Amino acid sequence: MSDDFFQPVSGFELPRFAGVPTFMRLPHVPLEHERLGEVDIGLIGVPWDSGTTNRPGPRHGPRQLRDASTMIRAQHATSGMRPFEAVNCADLGDVGPNPADIMDSMERITAFYDKVKAAGIRPLTAGGDHLTSLPVLRALAKDAPLGMVHFDSHTDLFHSYFNGTMYTHGTPFRRAVEEGLLDPKRVVQIGIRGTMYDSEDRDFARAEGIRIIEIEEFHARGVEDVMAEAREIAGDGETYVSYDIDFVDPTFAPGTGTPEVGGPNSFQALQVCRELQGLNIVGADMVEVSPPFDQSGGTAFLGVSIMFEILCVMAGQAG
Amino acid sequence: MSDDFFQPVSGFELPRFAGVPTFMRLPHVPLEHERLGEVDIGLIGVPWDSGTTNRPGPRHGPRQLRDASTMIRAQHATSGMRPFEAVNCADLGDVGPNPADIMDSMERITAFYDKVKAAGIRPLTAGGDHLTSLPVLRALAKDAPLGMVHFDSHTDLFHSYFNGTMYTHGTPFRRAVEEGLLDPKRVVQIGIRGTMYDSEDRDFARAEGIRIIEIEEFHARGVEDVMAEAREIAGDGETYVSYDIDFVDPTFAPGTGTPEVGGPNSFQALQVCRELQGLNIVGADMVEVSPPFDQSGGTAFLGVSIMFEILCVMAGQAG
Amino acid sequence: MSDDFFQPVSGFELPRFAGVPTFMRLPHVPLEHERLGEVDIGLIGVPWDSGTTNRPGPRHGPRQLRDASTMIRAQHATSGMRPFEAVNCADLGDVGPNPADIMDSMERITAFYDKVKAAGIRPLTAGGDHLTSLPVLRALAKDAPLGMVHFDSHTDLFHSYFNGTMYTHGTPFRRAVEEGLLDPKRVVQIGIRGTMYDSEDRDFARAEGIRIIEIEEFHARGVEDVMAEAREIAGDGETYVSYDIDFVDPTFAPGTGTPEVGGPNSFQALQVCRELQGLNIVGADMVEVSPPFDQSGGTAFLGVSIMFEILCVMAGQAG
Amino acid sequence: MSDDFFQPVSGFELPRFAGVPTFMRLPHVPLEHERLGEVDIGLIGVPWDSGTTNRPGPRHGPRQLRDASTMIRAQHATSGMRPFEAVNCADLGDVGPNPADIMDSMERITAFYDKVKAAGIRPLTAGGDHLTSLPVLRALAKDAPLGMVHFDSHTDLFHSYFNGTMYTHGTPFRRAVEEGLLDPKRVVQIGIRGTMYDSEDRDFARAEGIRIIEIEEFHARGVEDVMAEAREIAGDGETYVSYDIDFVDPTFAPGTGTPEVGGPNSFQALQVCRELQGLNIVGADMVEVSPPFDQSGGTAFLGVSIMFEILCVMAGQAG
Amino acid sequence: MSDDFFQPVSGFELPRFAGVPTFMRLPHVPLEHERLGEVDIGLIGVPWDSGTTNRPGPRHGPRQLRDASTMIRAQHATSGMRPFEAVNCADLGDVGPNPADIMDSMERITAFYDKVKAAGIRPLTAGGDHLTSLPVLRALAKDAPLGMVHFDSHTDLFHSYFNGTMYTHGTPFRRAVEEGLLDPKRVVQIGIRGTMYDSEDRDFARAEGIRIIEIEEFHARGVEDVMAEAREIAGDGETYVSYDIDFVDPTFAPGTGTPEVGGPNSFQALQVCRELQGLNIVGADMVEVSPPFDQSGGTAFLGVSIMFEILCVMAGQAG
Amino acid sequence: MSDDFFQPVSGFELPRFAGVPTFMRLPHVPLEHERLGEVDIGLIGVPWDSGTTNRPGPRHGPRQLRDASTMIRAQHATSGMRPFEAVNCADLGDVGPNPADIMDSMERITAFYDKVKAAGIRPLTAGGDHLTSLPVLRALAKDAPLGMVHFDSHTDLFHSYFNGTMYTHGTPFRRAVEEGLLDPKRVVQIGIRGTMYDSEDRDFARAEGIRIIEIEEFHARGVEDVMAEAREIAGDGETYVSYDIDFVDPTFAPGTGTPEVGGPNSFQALQVCRELQGLNIVGADMVEVSPPFDQSGGTAFLGVSIMFEILCVMAGQAG
């Protein structure tokens, strides 16, 4: 069991609104910290939104997610999992992006995650817009392509925007497939919906063998059935979980830049995570939380509730 | 196929937050425009709320709906319909009401829609409170009574308010039936709920043969079954679709003046529109969107998402 | 039938946004009023949140609930019940708490409810945080322990907080069982969820025979089945209904201090009340509505809509 | 001194957030109340905005002003005046308007104020939009024209709007002069500013002898100098005070429908009231407070703080 | 006098909340419009914030400024200027930026303004963050360096950010001086304040002869005295006016990304513009309005009120 | 000069929205930290509002103040002071209160500050409501009574509330004088205003020799003159500075529980701090910042801007 250093501050000792807010009230362990090597799962912020083509704001995501995360307690209600006892978890801090230079930022992110990987830490990232996933994958999938379970309302598989711009939050997984970071046959995208520019992204998915489960199919089949298929697609290999908060219906998660109506509710948003049990998850992210559009803070609270669900699954792998 | 003039500005050329906001980024074609005669479906704003007996605000509806509508892209995700290519769509601008004179305003609205009808254009209206539907119907149903599929939490069938006031947003369809604009046997009202003053409106509906599907029945039977009945009631004749945003649960659509809890969610809000396929729709409206009560703008975005669904069905009729 | 004095002001005479806001536009009948003895059901505010361990605000609940309650009309849509005609209802005003002294406040509340009970009035309380229920139960259960149907995301069965503090909004029902105010065998808690400190509350419940229906079970079985069991547990004896607004999903009810995602929607929030029919309800409360976190006012409107549902059931008992 | 019945509830007995909110926690004395005849100053709500040509909302003003007014205590900090002891003050409730009929509403308002005047009560009104002042003046100036000190950013002296509409919130004082309710030589308008349609209103003022003090002159001369002139203009005769909240800079009072930037700050907003000392005030109003545009509630709190200042002056007259 | 085509829609004909919102209700005249050559002053939106190093959002500025601008009427209250009659004004639409490529965006902007300048149109720009001024100046100062009157709380004279990033909203005027677009001896910066990283920007200003008037000096000397000096510095030559909304105190203008407390109030914000009279203004901008941080919309309304003041001065030049 | 450990993170290295938010991006040095003894000035949060008699929320103050404080840079614009180089500053974390027990909380706070004082650290506190000052003073004034410069709209000198409750945010300085923690002859209260219950607090002040400078006097005399007197009153002895954010006008600082209109603006709010130069400040606090009523976050940003001003004065003492 995890030692005291890695235990979150209890709300019975220090009220949950008190204290310097780290992720889930965990110890802050920067990359140069002496106990970095003992960390199993690292929560990392990537406050960056330079890939955003519509409404900005995810650069403020990690700050607000940390704030909301102090409401999270130590035990999962259904599974009984106590992740902070099962494995060593810590807040590794934020990767500092360059808000005015996309390529520089991506290099910084990849460099950070290279160190995380080298330290044997599985990262659980709080973005940031969805372009964040690309430089993270460049570190995690350095050796071999990963499978991916991807919750979103968009495929993010477009070739380019605005006359050839290759790096936006609508293109990360196109790049990741092209760069060999993802094995398209082991990728499933769930919750896709909304009006479309055209079918270019769907055509690419079909050609590459990426499985898209649109929202109509999701609602018709239900969480358990859909997720059983998702597990089968991802298989036993190393898998990345990417969770765009706009997967959830915008009424439940208004704080995001490119909402699409008609998505899952908050219970389903949690359920899909529980069904990740059994996968070999080497990293995960929660992206596109945009505080300027989240006046009540409810999106961030849902975001960290989802992160806790994923964390419990990841902690269980290590048991 | 529609020519270039009638194509919306693409978000890949001009980001969706840029540009003068017309409905769905369509060309602005006022009634005196030289190409008015080529328009098939006209999107029209009626910024008016003088019939509102409770919380005001729908006069600001068209402005906010236009703003939100620039997030709509060109293709429907499920049906693949590309309405702006299928038919000629345009933003016909707003009818200018007289905020301090109800009768004058109704005359202005009817006069505007007389011209729209004369030009062979099917109108898709953004209100405005629900009294808007009455002067619109006076133009559209000039020759013969219409059927109507009506989504709402209220029947709007009351005789009068406040000691005899005949024209409020609670009376338009009572007047419309009395004036012979609607054929009550071909009218169905879906989603009715909320606390009641009394049963006067229900008694009128029963006497006239209007079919009311209350929310309990809606939830019990589901969208497909309910809508199959609705299509049967409306039949093959000319039909009007009136969509009060308070049909949707107020958590999904808080920006409205007379909310009633317990309504459909956002996915159902879209689904009911898809099930209008096959009707002979001569006009439609989206009413009671009240921006002052819609701090996040989510209601307007849901409103235009619904308008796009209806537009796709209307565009399909022309195919 | 109730006489004119006890009728709420009609929205057709005075618009619903007008007038001094009492609960549901009922007459204000303070304890010293000459007609107190004729009241059957008394709506009472307890503007108090000293037991709140997390985000404060329920002290403002009664004011906002009164404001929102002027949107409630006289008749229930489904059952046709007209509660204000069936029995005499009145707004008994607020119990004045001492915001800086918990014990003094609890005494004031119990003293108030002693008089309410003595006058033969069944109270429907608008809190206040959940500690409110304890001093109310001390008056209502003076003679014998009550059964309870409890809607909540938390059990509120903890022993103590912060090194031995016995009176917080997380402990009222632990105290109530210890003090013999509740018969644990006749207590059911519905909707329990969220991350946990530990299992101490669940252990207590199990030991005492309190039935906990967690949210997963609730979603799996549905409202009707769950509530049938709830009615069986509460039985024929005198029963209290305690409704914490955080039972409902926080998207539908953001205005509360300790939200937990994944709860029931607004339709289910009403349905569970309708299924209380047949119980012997001697009092009820709606607690934890926190206006500072309810920017749109939607939580308060849902809260009073639920209060109206409960009121209709209570009024039906008297028929 | 005023007896106990007319004393507001003390915040030391009942916290200021508690209780049914009447104006300044005064007793609610409707027109049919047995003690109406003892009232000296009556606080009255007119929840009405049918004259609004721009952004609506003042119909919600009285409700929010009552709510905010429970923050007002019993004594003026500078003058030491305790108005509720000096004279009998009461909340007379709201005039019920007809939201869908301007002429009917004006008749209802005048009828209400006829009774108020007949009872010897000086009214302090909480609007409502500025058209409210006209039907009030029709009652108060029945016998002879009044002088007026008018704080506003607009003159409200226009002839008509929208092709001849005579009754809007931009025309009340044009009508009042035409109807002989105001003596234009004894009228002063202070704080006028903002972009203009044209100079028609200024031309009318000049022709009739109404004195307009524009904001530049106000800022240059200061409160004391300007108000000395204002007192001279109004003179010893019966005088009405009309205070449009948009007199104040919109940063201090955002909750209003037609803001104009560059106005007085909140301290000046109070100071001008103190300088009304010595006038013969027969009635006053605070209008155009629009809660839907006042998210923080600060406008309403400023509004009632101003009302308290005016009340202290009016109470001093009776001493 | 300007012909009818260039007149804004009157609020007496079409209420100010109605219609497709162009800047100040002027005609929309894109660069390819046949009457472009007749335009004297062009209002242009640059919806772009890629240079923002702190809180994002100005990309939404033009949309919200257009919306608020429909509240502006035709005549200046103090000067009597009617700019839309004095000269031909039009809304030239937005420059489409590339949100994910700074260099591409700057080229697009300069190309747009090259055409504007070639058409003999003086631009009044609605940004966009402050980096916007650089590509605009590249077009306007192609032939010779300009003088500049710059209202801001920051100098925007930094060399670079984040290890050498040259193009951010903190560097535009450093670049402009280096590129010979501004004559530093004719540049004055007014309102500078706030905590500092270091003095590098001030050192540069001193070395180049740029005059900085810090806020303490501004408050001590007053608007007239400060602006007399500003006019003297800018002299008779061609001058650019750059107005960062964060010049104004953030209470009056919260909707901006890098606020600094202690600035001018809204009246002073207008006054400084009136004191620009007599300058030879070849272009002006209003930048850093960030709608996501402007919940009430008051910042945008102040922004367009300032734009109208500048427009009146520019229109007067042409007289 | 302070070593690297005590330097805040630069915004040029890590953008200001990034990273775990400590006060002013300083190192987090809990009481048990090995370098505690090197700290000169400690920034401490007291997230507590149990003394609040009106609107709650200051328990959330420290969290939000930390968040806003990451916008503060390293150098004062006017004085050039670089406090983090002049002395060693650190974030000492929060004192954990007991939200449901006032006496327990006060003991915890005093115990914390005893250790701070013992370590030779001068505390700069972020409250918490104003009762916070009492347990802090109990530690700081253990040896001898302090002088105090107190900015506020209330005297906080009341004897008791609600029938004898001695510890609320309206009584701390009454207690402090009674307990010999303050020397009343060396206490000055600045900015007092607002409606009053009665004159009991003023009577006490007069009897004890406390100097009250009401807002009228403040506005009439100006900051410099008033503060010269304040410095004279406090004299050379050890002095505490207590700054209630409700000193500032509520338009500039809406996020507070008991606002009073008509106060100083934001520039004056900073100026008064600069005039503290020369005092012997042994501790200071910023209290009553209430995030739930501060939707834009502007109050917190003003609060930390004031804290930085005070910090610069305190840092200068040590030079």
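Letters A, B, C, D, E and F name the chains as they come in the text, with residue numbers starting at 1 for each one.
Operating definition for what follows: a contact is a pair of C-beta atoms (placed from the backbone, for glycine too) under 8 Å apart; a residue touches a chain by one contact, two chains touch by 3 or more.
Nothing here was measured: the structure is a model prediction, and the numbers come from that model.
S.K.: Moving step by step between touching chains, how few steps can get you from chain C to chain E?
M.R.: Between chain C and chain E, the shortest chain-hopping route counts 2.
S.K.: Show me the overlap between the contact partners of chain D and those of chain E.
M.R.: Common neighbours, chain D/chain E: B, F.
S.K.: By CA centroid distance, what chain is farthest from chain E?
M.R.: The most distant chain relative to chain E turns out to be C.
S.K.: Please decide if copies chain A and chain F contact each other with the same set of residue positions, more than half shared, or with different positions, and reply same or different.
M.R.: same
S.K.: Could you put a whole-Å number on the gap between the CA centroids of chain E and chain F?
M.R.: The computed centroid separation for chain E versus chain F comes out at 39 Å.
S.K.: Roughly how many whole angstrom separate the Cα centroids of chain A and chain D?
M.R.: Roughly 55 Å, centre to centre.
S.K.: Two or more other chains in contact with one residue: find those residues in chain B.
M.R.: 13, 15, 17, 53, 55, 59-60, 99, 161-163, 251, 265, 293, 295
S.K.: Among the chains present, which pairs are found to touch?
M.R.: Once each pair is checked, the touching ones are A-B, A-C, A-E, A-F, B-C, B-D, B-E, C-D, C-F, D-E, D-F, E-F.
S.K.: Going by the contact rule at the top, pick out the chain C residues touching chain D in the complex.
M.R.: Those residues of chain C that touch chain D are 13-15, 17-22, 28, 45, 47, 59-60, 62-63, 66-67, 91, 93-94, 96-97, 99, 295.
S.K.: What residues on chain A touch chain B, complex-wise?
M.R.: 53-55, 161-163, 192-199, 214-216, 219, 249-251, 254, 258-259, 261-263, 265, 293, 295
S.K.: Considering the complex alone, what residue numbers of chain A touch chain E?
M.R.: Residues of chain A touching chain E: 49-53, 55-57, 59-60, 98-102, 104, 161-163, 165, 167-168, 292-293, 295.
S.K.: Write out the stretch or stretches of chain B touching chain A in their complex.
M.R.: 10-13, 15-17, 71-78, 80, 251-252, 265-267, 269-270, 295-296, 298, 301-302, 305, 308
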